[in-house]
Amino acid sequence: MKFAVMGGDMRMISLAKMLEGAGHDVCTYALDAAPEGSVKLCGLSAAGAADGVDCVVLPLPVVRNEGGMLNAPMSAKSHDAAALLRELPKGTLVCAGKPDKALFEVAEDAGIKLVDYYAREELVALNALATAEGAISVMLRSSPTTIWESKVLVIGAGRIGKMLARRLRALGAYVSVSARKPWDKAYIREMGCTALDTGSLGNELGDFDTVINTVPAMVLDAERLEMLKPDVLLLDLASRPGGIDFDRARELKLKVIWAQGLPAETAPVAAGKIIMETVFNIIKEHRG
Amino acid sequence: MKFAVMGGDMRMISLAKMLEGAGHDVCTYALDAAPEGSVKLCGLSAAGAADGVDCVVLPLPVVRNEGGMLNAPMSAKSHDAAALLRELPKGTLVCAGKPDKALFEVAEDAGIKLVDYYAREELVALNALATAEGAISVMLRSSPTTIWESKVLVIGAGRIGKMLARRLRALGAYVSVSARKPWDKAYIREMGCTALDTGSLGNELGDFDTVINTVPAMVLDAERLEMLKPDVLLLDLASRPGGIDFDRARELKLKVIWAQGLPAETAPVAAGKIIMETVFNIIKEHRG
Amino acid sequence: MKFAVMGGDMRMISLAKMLEGAGHDVCTYALDAAPEGSVKLCGLSAAGAADGVDCVVLPLPVVRNEGGMLNAPMSAKSHDAAALLRELPKGTLVCAGKPDKALFEVAEDAGIKLVDYYAREELVALNALATAEGAISVMLRSSPTTIWESKVLVIGAGRIGKMLARRLRALGAYVSVSARKPWDKAYIREMGCTALDTGSLGNELGDFDTVINTVPAMVLDAERLEMLKPDVLLLDLASRPGGIDFDRARELKLKVIWAQGLPAETAPVAAGKIIMETVFNIIKEHRG
Amino acid sequence: MKFAVMGGDMRMISLAKMLEGAGHDVCTYALDAAPEGSVKLCGLSAAGAADGVDCVVLPLPVVRNEGGMLNAPMSAKSHDAAALLRELPKGTLVCAGKPDKALFEVAEDAGIKLVDYYAREELVALNALATAEGAISVMLRSSPTTIWESKVLVIGAGRIGKMLARRLRALGAYVSVSARKPWDKAYIREMGCTALDTGSLGNELGDFDTVINTVPAMVLDAERLEMLKPDVLLLDLASRPGGIDFDRARELKLKVIWAQGLPAETAPVAAGKIIMETVFNIIKEHRG
């Protein structure tokens, strides 16, 4: 098959290399400032790179900032995402991460088959797993003690929370997970962890060596931060604005790490592979 | 609190005893043929037993047969479920397992607050877990070899399939799980198992020492049964009609176990406890 | 290769069948009362069966009773083990389980190369594992509740104790292991279990739903038995005389299971395979 | 109790702080250049610091270089270990890591009760565990992919090898472990890993994404290094001279990490706690 890979970070570069390694034909675009030798540049224009491809792969997220510019940290230039779509040959299949409504409208208007790979559960699931492993990497490098026999609280029992809790327990931590719903608490117990109630977290907060937030809501507010051990390690995996009162945490001199951009930072090759596998699933389904 | 426990099997008896052990007041009804000493009978009528209670607990499933009779294998008499509901004091909270639409209508008509505890995810989740452990019990007692280093296929990656696969892997089996959707296959890989496609199961079936079906559809049909090892152990956990062509399996002299009634059979005390915990959640929510 | 398999139980029959299945030539002796069709009988005499073989395999244990008779529950006749050895061709390699000193002397005198496969660590290790899994099988079939969330005490941190504790924890039990030495307690903690001191087990005994003894010494004496929960499940895996005061346990109406003969009872095929693998290792080493 | 803590790195500082936190009286010596506020200095001389203590704790290893100088990277001065022992009050209990024969002779001559805590299995076991977790930390920070679904070879099935293999499998890696003895291979299989033969490692080396050596012998020589994937990650946990031909690896541009000083580097607090617990065991035994 033939692919065009446009924009993105190390994940896109890994993806391009894996596609090549698997015998596919790959063109890149908007990766002109990538480390030398890492990818083959073949198109001077997006249209040229996309000529005759089975699929164009755009990054996750496809657009970085307000102005609708392509997320392309490894390009020396700026690229308007909508303009780029309009340049592509009609009928092209384009897989992109989290395109917004406006971009879908542009695609429809331009006769492009735009698919959001981040809407695919298999990508989200494996990305959550790679994020959970990335959180363990951050914990290990940030803590002067072992995960083994440490007391860890994971706030939230979503995908990442569950996958993380299971791994921490396997490494020998005493793991509590807080959630709000009875069913989540059932799954927490199934994993061999202690179920706490996120809404009523109180003095037991002082028991934990590490607290990891996965919930995009203010859980560790000023009041709760004061219940923590002074030498606790706080990790926030939730997207902005996160779930920790960072200002108050700083005043209390707590050790806080806002671990954003996992797993792109800790495991770009795995993250690229997960995108690649999902793109293959999408192509397969499009062909029936 | 005060409870009435009516009908059911060893799970209801365990539930009654645990409630008593926790200091609650418990009356039973339609458990008149229970093993001596196991429960205290206190009501000659359903109305009498339910007098002043915080909650009436009915069995899972609440009705056993076509005619709408209460599931009461430990009563010497027959009890019409609808009639029983009508006897209870107006306003009584009744928790029952899988009541049908007709019974809900009776309850509304009679001014009874009927709640289906089997519609609660926390019960279904923990019941699935107890079923998975029950399946391991059946496997261990039915197989002349170890789970360790055996090759097991779990068909279906629903709740039971996942919980079972995880435990089998922890015991050292080589576990494959078959599913249909890309997302299920992602979760199967996350667990460290091999993902297969249920739709295209073929000659690889001959690799497995044990095959466990969890899908309520004909998966192991006559054709596929012939691909299995002659000494394979087949376990069907799916409800009637199950997913195995039993007639053909018998002709082929395959060892098939239709493991129904788990976990009531393998772990009635745990199953009773799970119902009890869910009943407490329901009461709590009803009181706001 | 050519093998003779003599005496023993279902393990020996499994071993004979696996050897045949792998393309070897197999003769059996002292298995004349085995279930029909399970093994091929080919020698009227031990000498005939052993003629030209690479190895004779004798059972585990090789001798059952005081009088030195071959352990041959599947033979209609009695066989003197020493006489049998003397019948074999000089120079024959004989692998047997736990031969005593007297039998080694007979072998030396008769020019037989007798090797005790039970002295091999790889057999003992995998046998311990199959025993641990067998203990889980016995627990599951004997208990009305789940291993998940139950409180289990394993007495002794030897091979079986450790392998059992690890599996019970993986199934979601709260596992304590008692030992005497600081180093064993370190390994218990490494596994994520709670370390207790066997010598000072006291009132905490009342916490456990299941207590499994692996130590061949009187640990659960009359005094300690009274500290247990009335509905505890007691399992004794230690050889005679075991570690539980059975008389006192009976008086207290405690549920006690003396689980002897694991894994021969719960997993004869796996146990036979483990013996077979060890025999292959022995043959390989004998040939240099 | 009263303790003197002399020399050493962050592990000794953690140990001193934990002893204080537990209510003990602690004096330090040869930690004069420790980060401000981390420890209380109370003795101008070793004799002064050790006055009236229950135990003097020296670092692991107690002596760093050829000349017999105390391992004291956090002291601005040099300290002769033998001279230091001679200064201490007669009868003092001194716990030290790996003292050599000469130091034991000095101790005996000076009337000092010198104990090697590194000769204690409980310390070695938990230190191995912390080392295994440290190796995972190094792997995670050095690899652009996940441990999950990666192919890992652990060379050697000693304490560290086993504990590491078990954790890697729990994180979802495909784990092979190589060993030489049949019994080690049995334990490798018990853990659910693939057993390979260290002596005959050949072309299968090309399958692995990560290879971790734990054996203090030249296993990955020039010839074997050429069989590896070009992008393999090599980790050597063995003490000098290690088990990898580093020069050849460099020529082949392989990514090699010589992970020495684990867990002191990755988990000094845990490592200090392990020493502390062992010191308590030693004191207890000395008092009978």
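Going in written order, the chains are labelled A, B, C and D, and every chain counts its residues from 1.
Assume contacts are C-beta pairs under 8 Å (C-beta built on N, C-alpha and C of every residue); 3 or more make two chains touch, one makes a residue touch a chain.
Nothing here was measured: the structure is a model prediction, and the numbers come from that model.
In terms of the stated touch criterion, the partners common to chain C and chain D are A, B, listed by label. When every chain is reduced to the mean of its CA atoms, the largest separation from chain A belongs to C. Simply put, of A-B and A-D, more C-beta pairs touch at A-D.
Mean C-alpha positions place chain A and chain C at a centre distance of 50 Å.
For this pair, chain A with chain D, the centres built from the Cα atoms lie 35 Å apart.
Counting partners per residue, chain D has 129, 148-149, 189-190 as the residues that reach two or more other chains.
On the chain C side of its complex with chain D, the touching residues are 120-123, 125-126, 129, 163, 181-183, 185-187, 189-190, 278, 281.
Residues 10, 14, 129-130, 133, 136-137, 140-141, 143-149, 167, 170-172, 263, 266-270, 273 of chain B touch chain C in their complex. The touching residues of chain D, counted against chain B in their complex, run 148-149, 169, 172, 189-192.
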